[in-house]
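I've put the structures underneath this note.
You will see two complexes here that share chain A, one where it goes with chain B and one where it goes with chain C.
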Partner chain A sequence: MTLEIVKPGLATSIQDLGRPGYFHLGIPEGGAMDRLALRAANLLVGNDEDAAGLEAVFLGPEIKFGAEMTVAVTGGEMPILLDGEPRDNWTSFNVMPGQTLSFGYLKAGARIYIAVSGGIATEPHLGSRSTYAIGALGGFDGRALAAGDVVPVGAAPLAEEGLSIPEALRRGPGKPAELRVLPGLYWHRLTEKSQAAFFDDAWTVAPEADRMGYRFRGGQPMEFVDREQPFGAGSDPSNIVDGCYSYGSIQVPGGLEPIVLHRDAVSGGGYFTLGAVISADMDLIGQLQPNAPVKFVRVDMEQALAARAERKQIIEQLRESLNQPG
Partner chain B sequence: MKTRYSFGGDEHVYVEVDDEMSLDAFFISLSLSKLVREAEIPGVREICPANASFEVRFDPDVISPDAMMERIKGLEAEAQAAEKRLDTRIIEIPVYYEDPWTHETLMRFRERHQDPSGSDLDYAARINGYDSVADFIEAHHSQPWFVSMVGFVSGLPFLYQLVDRDKQLEVPKYLRPRTDTPKLTVGYGGCFSCIYSVRGAGGYQMFGITPMPIFDPEQKITYLRDFMVFFKPGDIVKWKPIDRAEYDRITKTVEDGTYTPKIAEVAFDLDAFNADMSGFNAKLMEALDDA
Partner chain C sequence: MTAILSPLPGTFYQKPSPEDPPYKAEGDAVAVDDVIGLIEVMKTFIEVKAEAAGTFAGYKVENESPVNAGDTLAELS
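Let's look at the complex of A and B:
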């Protein structure tokens, strides 16, 4: 079974839940920016939650199906058209061979997830089908999809049509988006004034926002605690001896524009980090468009773990909602 | 040197053995990260060693963050006392300094640089007190380097020069990172040299380029068939300056599949190195002559 990419959209890539285990070599976990949305799309078409689907950012692709299959589109809000006829998002529907899926303009969020019954069946690399374009790894020939690509789909029975995720479980960022941050790592490098300003200032998403990281601007330049720079760090006060970066960690080169590293994170580097966005809020970043207003909200570890448990609960509820008899 | 522990969000413990770079800090950090791995602590997902620090990713649903941090702290004394010795290899890496491709790129991002009036090498030579770029390049390649970290992207090595601290070269990173760097650029930031394994963003000053690929996801390059990443921490590197003709010749042999990196097995002992740096380095480089 296959599907054909008629138009690729802006950057449509194959993603699953990622390839952990190689970050020590600079190969990131990768996978869907909005994990919850991909899980939901897979559940709707009867797949395992970690099956590979398509992630499209800002602009939807046009896809021609080579076989009968069940499809679901989740994540950002983008009108869905099957041969020109509207379909609901977060809801399963069947397609026939030769039918074409296309999309209208993005209305909310940033990324949509398209799951098909059987899942995308390209060859896994290092245990995952996720596209890591920087390393030309995984996905379709190590790259985002292009017009004319014929993408293999796993064999699977059709799933139930009309299954839908309750609106309460469709998680997206608010306005402004609130991203919860646990201060740490090199937080002590900032003056108290800048520590407070980071959480008080109004930020917006900068145009440089992609799978590697999201850049933010609009806040005040940061001031550093005076020190003689440690040997090997470099002379700028925002420099450190190159260390590890973690998913969600927030670096501020030159003290100017914070960058939150995301799924295709670089694994290390020489800029100080002031803490990290908590694991529960990483999905939300994947749904932010450039210029979206953002507030960073300070939390402690206890609150971070409570938020993590809450997100886990949403995944449980997703599973349960689809196990109810229709 | 005092080890600092911190959380990176709810899934990471960050361990900084020292805030400044030294081979002592590297060896303690590597030993501690190995001890954490060998302890097989339930919930540990990944361990990433860096130059003088490392990070542990864990699952807080399996082990609480505080318990995770305490387990690592409990292993520190043993790591501090561990032997600072490695059986490793020395590799000769050809470098075409002042090549046209990094030059074109550095000109494109000049407004992000400390000194837009010259090249990255002009700037690095001047702030390190060298009379000429040629002298600076000579200092960069005459003594060997130690791979103290692999990461950033796709198997990129960070290299620390095996010389006394007062002879170390130091440069700041770009004021704002570039969005583009040619593949296989030999870069420099802080006291570290690096090789950009793939094309992409970067904040290091750019000195030259090597024709020798160090990452191949397709694993078609002969010496990358076993694994797609060439370097590992502890590798030793000797840069060999080459000109355009040699660069083109090596590029062709890489494409033919006939290029073999020059490699020799060596041991690195930190105490022996500290006792006689130039003598120890001379022996390392002699091993390459026989390779």
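Let's look at the complex of A and C:
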């Protein structure tokens, strides 16, 4: 079973839930930017939640199916067309060989997830099919999909048509998007004034934002507590002696534009990190368009862990909503 | 009037580079697939092409301004 990429969109790539365990070697976890949306798409077509699907950003691809399969599209809001006929998002539908899936203009969010019954069946690398394009690893020859690519799909029975995720479980960012942040290791490097301004200021997503990191602008330049830079650190006050970066951590080169490291992030370097966006809110970042308004909201560890538990409950509710008969 | 819409969100440029004139001026003939501008997003520049032929009637968005997918960038008469 296969599907063929007729038009690739902007940067459509094969993604699953990633390859944890290699970040200390510089290989990022990778995987879907909006993991909840990929899980939902997989559940709708009868796949394991960690099966590989397609992630398309800002611009939908055009796909011709080589076999009968069940399809679901979740995540951002982009009109779905099967041979020109509209289909609902967050809802399963069947396709016949030769039919073509295409998309209208993006209306909300940033990324859509296309799951097919059987899952994308390229060869896994380091335990995952996720595409890490900068490292030319995984996915389809380690790169974003291109016109003419014929992508293998696993054999699986058709799933039920018309299954749908309840609206309450379709999580997306608000306006402004509120991203919860836990101050971290180098928080003390900022003056009290800049610490407060980071949470008070209105930020917007910069157009450079991608799978490696999301950059924000619009807030005040940050001021640092005076110190003599330690041996091995660069001369700019935003520099540190090289250290490890955590996924979700926020670096601010030159104290100007915060960058939240995302799924394809580098694993270390010489910028201070003021804290990290909590794991429960990383999916929301994956649905932010350029120029989207953002507020950073301060939380403590207890609140961060409560948010993580709450997010787990949403995943559990997703599973339950699809297991109910009828 | 035929509208040329932005295929994706980002920053719109009327010119190929800051020193160059805009791709099209009012009254220019536009053929299918002629480039009328650029959208910058994710460190990539994507060419915006006309999907219909006509006479260029002007840009509807300022140079270097943010746009959403589906916004009208320019019009053909």
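Convention: the second predicted complex is superposed on the first by the 326 of 326 C-alpha atoms of A that agree within 3 Å, B and C clash if a C-alpha of one lies under 4 Å from a C-alpha of the other, contacts with A are read in each partner's own complex, and residues count from 1 in each chain.
Everything below uses one rule, namely that contacts are C-beta pairs under 8 Å (C-beta built on N, C-alpha and C of every residue); 3 or more make two chains touch, one makes a residue touch a chain.
From a predicted model like this one, the values you see are computed outputs, not experimental measurements.
After overlaying the two complexes on the shared chain, residue contacts for A:L182 are found with chain B alone; chain C is out of touch. Partner contacting the larger number of chain A residues, of chain B and chain C: B. Using the contact criterion defined above for the overlaid structures, shared-chain residue A:P290 touches chain C, although it does not reach chain B.
Of the two partner chains placed by superposition, A:L145 touches none, neither chain B nor chain C. In the superposed model, A:L274 makes contact with neither chain B nor chain C.
Of the two partner chains placed by superposition, chain B and chain C are both touched by A:E208.
By the touch criterion defined above, A:V95 reaches neither chain B nor chain C. In the superposed model, A:A32 makes contact with neither chain B nor chain C. Of the two partner chains, chain C is the only one touched by A:V57; chain B is not. Taken together, the two structures place residues 208 of chain A in contact with chain B in one case and with chain C in the other. Partner chain A is touched in their complex by these residues of chain B: 6-12, 14, 16, 18-22, 45-55, 57, 60-61, 65, 149-156, 158, 160, 165, 168, 170-173, 175-177, 179, 189-192, 197-198, 200-201, 203, 215, 217-218, 229.
Chain A contributes residues 20-21, 23-27, 125, 134-137, 142, 182, 184-185, 187, 208, 212, 230-236, 239-244, 246-249, 253-254, 256, 266-271, 273, 275-280, 301, 304-305, 308, 312 to its touches with chain B in the complex.
The touching residues of chain C, counted against chain A in their complex, run 5-11, 40-44, 46, 66, 68-70.
Residues 10-11, 57-59, 105-107, 110, 207-210, 289-291 of chain A are the ones that touch chain C when the two sit in their complex.
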